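Below is one structure, written out as structure tokens, with a few remarks after it.
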Amino acid sequence: MKARWDLILVPSFVLSFVLMAASQIIFLRASFYKDLGLGRQGEDIIFTNYGRFFTDEFYLSVLWLTIQVSFLAMLFTLVFGFPVAYMIARLRSRWAMVLLAGIVISTFITIVIKVFGIYIMFSASGIVNQTLMGLGILDKPWTVIGNDAGVVVGLMHFTLGFGVLVLYSVVQTIPRSLEEAAQIHGSNRWRVWTRVIIPLSLPGVTVSALMIFNMCMGAFTSAALLGGGRVFTLPVLIQRVVIMEVKYSMGGTLAAVLLISVLLINLLSIYLMTRMRKQRLVIT
Amino acid sequence: MTASTPLATTASNGTRPQPQRQPGFHFPLAKVSFYGFCSLSYIFLLSPLVVVVGASLHRGSRYTVVKFPPEELSLYWYTQIPDAHWEALTLSFSLAFMASILACIVGIPAALGLVRSNIPVKGLFSSIFRAPLQIPSIVTGVAFLQMYYLFGDLTGIYVNGTFAGLLLGHLFVGIPYVVGTVGAVLQRFDTRLEEAALSLGAGRITTFRRVTLPVIMPGVYAGGLYAFMVSFGDVPISIFLSAPGFVTFPVELFYGMENDFNPSVLASSTLVILFSLGLLLLMQRIVGLENLLRSGGGS
Amino acid sequence: MSRVNLERVVKHYGSVVALQEMDLEIQEGEFLTLLGPSGCGKTTTLRLVAGFIEPTQGTIYLGNDDVTYVPPQKREIGMVFQDYALFPHMTIADNIGFGLKERGAGKEEMRNRVGELLDLIHLPGVEDRYPAELSGGQAQRVAVARAVAYAPRVLLMDEPLGALDLKLREAMQIELRRIQQELKITTVYVTHDQGEAMNMSDRIVVMNLGLIEQTGNAEDIYNNPRTKFVADFIGSINFLPAMIVGDEGEWTVAETVGTKVKVPKSDASSSSGEVAIAVRPERLELIANGGDGINVVPGTVSNKIFNGNLMRVFVDVGADEPVVIELPPAEVHSETGDSVNIGWAPQNGQVLTE
């Protein structure tokens, strides 16, 4: 008797599928209703919510800001994350594991707690401002709370650790001997990077970049806390519209816009991935 | 340049030149700046945690209290953790614990089915299992809330603001981690091991328990740990599914930030940091960090 | 082309000694093989010459230049790696031209040189392919072409045939040796395969536990191993436990398994402890009774294995291990269980210490 692995799959699949389909369909359908106030919704399918989103400058600016801060956070995550990933991947000693553990622990701890640390560091009498003012770099306290820079910092706290882990597995696909081959055939460190490491990791980095960008687009907590109620990204706005304004339909519309943009980015990354596979640029 | 400059004298002139430098005492600028640059990321990621732990140890009067580095070491604020925090911590812990257990119960068969069966359009099935990771959590939160309302309207049972409601939401995002990590281990699994066990007369159940399960255990631990930590730290789903007076720890902190700042949150946060650290060390002891990351790398 | 010279080179990794004081000179145009089991220090030596690692002590010369702390890219060395290490994102032409480009070669010059090199490795016309489209043997030949493209001073090869199957490996040995001789390039080759070492090298350096055990050409090392390790590592050999008991003109007399035998005098002849008498299986015979000046040891045939062109006869002489004799099958008339005498001429035996 053969084991029926397909039957074993059924209960889990039904659960996952029902949860996903039901929740998504219900909120997407609701996004086409009219908010009647106090959480009540109309029953006619209308497109006013979507119409409003794409004509109202406020909503469009929120979407645009979300894209901007996500792009910046992704860029900085790559710039700061890749060298770390490379360093860990190339270490031979036990330090590699210790350094990885440092990354893992920072990603495991909820962003809310980290934000306390950031608040304390950037408070007027905090260590950052005291140091910078002491050195004469700043003449009055500066903070990252409540401005766009803060949101980027918050998003990076959300993505940097994850980025390092993903990029680490990208670097691991490049055999060390390729770097040595470049070196022995005459490349200095800089040329090794430009001729070997960067071109070979580019496909993996591109896909990682899209993943990170996606995470940033959907990031709520870090953006909400570092935005300090003054900077609105799409996820922050969704929470506000649903919880404070109790407009479920408009919230649903915003969530749908977010979901669709995220899915589009995902499709793009899958497309890129398969194209690179075809060109044998991805070593598998 | 004249022949007497130090540069010129190092050139070979028939006799063997001396080694240019002693081993072990050189710090090329490029290397130092590279490591320096890398350490920036660590400072960025870890300093907030260090600051929270450090500041929690500082004793001061209520409103001028937060100081880092701490000046007056004391555990005072640990005695001042309000009941609301303990309740929230208890809720978060039980929620994360249950969610990770259930995620394993649902995820292991799913992974087995996905890897072992030869159903058509397997890719579609696996992307449906992975979907919760692609959906932004805030969307999941909104969607579940609306689903609960509709379910309540239809049946009279409103699960939003209850443990079950929260658990279902957390389970939803936890399952893909277990499916991913266990699936990754199963891909590498040598099915001849099972065939060997079967040929030696072990039954299907015995084979699963004695052979399959131990082999996939690292994946189970890794997936369970991810599910636990994601649940334990979640805000965007819980914020929609909790009710006043019935909130998870991160949500309690999240709301707390908008209100009066009480340094005791640093103390309870420190406890969470230490707990997470301990959990990671425990996992390192059980399966090793490498297994943890390898099986989780793809998720 | 240059000679390579290692003077008192030591390499430690933390508390692990990878290489104990090594002195080695590689002549211009010589094909030298570093041979030994894994962990013997052969790869460490190669990587020291390449410049990937720096020695803990000692000096490395390339020609007359001290290169001990010179980075790899400034050493003008070519290297072939075990996994080929071809750049997967570059065409074969770009791979072979890699070093030329780093040295500022023009397009025209590169194209011509790549063509020449592809002719040299008998693989013309693959310029525009990618490494993934080549077979293992082809990839390795391309790797050789890349390594010699800019006429390096030395060519290093780190187990380049390790990933190939047996048949291809033998063909590639001949191929590599041909290329090396055509270019007359100083070559350092690392392998753990003694057959490979003997087929290709001008000189073999046998290494063990971070030390050179013996240096010499293939015949020299096969016929006159200096230590038990070398004797055992190169080809197969029988060891009989023995004690030195005397002296008889040009011979040393030793007693093994109750029999007195003669062996040529050597450094081990003055040893007072346990020694080993080493004899190659093909130098042993089965004889009826002892002739003049022949060493004879009695024993019992314990097994026979037919191996095509030869028969391996296992004879129990009372030592821990049976003695193995290789004979043409037609010459073997004894059956398992028969009492026989094994014999060998004294000059074919050797006395060795540990």
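Brief remarks follow.
Residue numbering begins at 1 within each chain, and the chains themselves are lettered A, B and C in the order written.
One rule holds for everything that comes next: a contact is a pair of C-beta atoms (placed from the backbone, for glycine too) under 8 Å apart; a residue touches a chain by one contact, two chains touch by 3 or more.
As the structure is a prediction and not an experimental result, all values here were calculated from the model.
The central chain of the assembly on a C-alpha centroid basis is B. Seen from the Cα centre of chain C, the chain whose own Cα centre is farthest off is A. Across the two candidate interfaces, A-C and A-B, the one carrying more C-beta contacts is A-B. Averaging C-alpha coordinates per chain places the centre of chain B 51 Å away from that of chain C.
Centre-to-centre spacing of chain A and chain C amounts to 55 Å, using the average Cα coordinate of each chain. Remark: chain A and chain B have CA centroids separated by 15 Å (rounded to whole angstrom).
Across the assembly, chain B contributes no residue that touches 2 or more other chains.
Against chain A, in their complex, chain B makes its touches with residues 30, 34-35, 37-38, 40-42, 44-52, 55, 66, 68-69, 106-107, 109-110, 112-119, 125, 128-129, 131-132, 134-147, 149-150, 168, 172, 175, 204, 229, 232-236, 239-240, 250, 253-254, 257-258, 265-266, 269, 272-273, 276-277, 279-280, 284, 289-290, 292-293, 297-298. Contact residues of chain C toward chain A in the complex are 50-52, 71-73, 75, 77-79, 81-83, 85-89, 98-99, 102-103, 130, 132, 146-147, 150, 156.
Across the complex, chain A meets chain C through its residues 175, 177-178, 180-188, 191, 195-196, 199-200, 280-281, 283. Put simply, chain A touches chain B in their complex at residues 3-13, 15-17, 19-20, 22-24, 26-27, 30, 80-81, 83-84, 87, 97, 99-106, 108-121, 123, 126-127, 156-157, 160-161, 164-166, 168-169, 189, 214, 217-221, 224-225, 229, 235, 238-239, 242-243, 248, 251-252, 255, 258-259, 262-263, 266.
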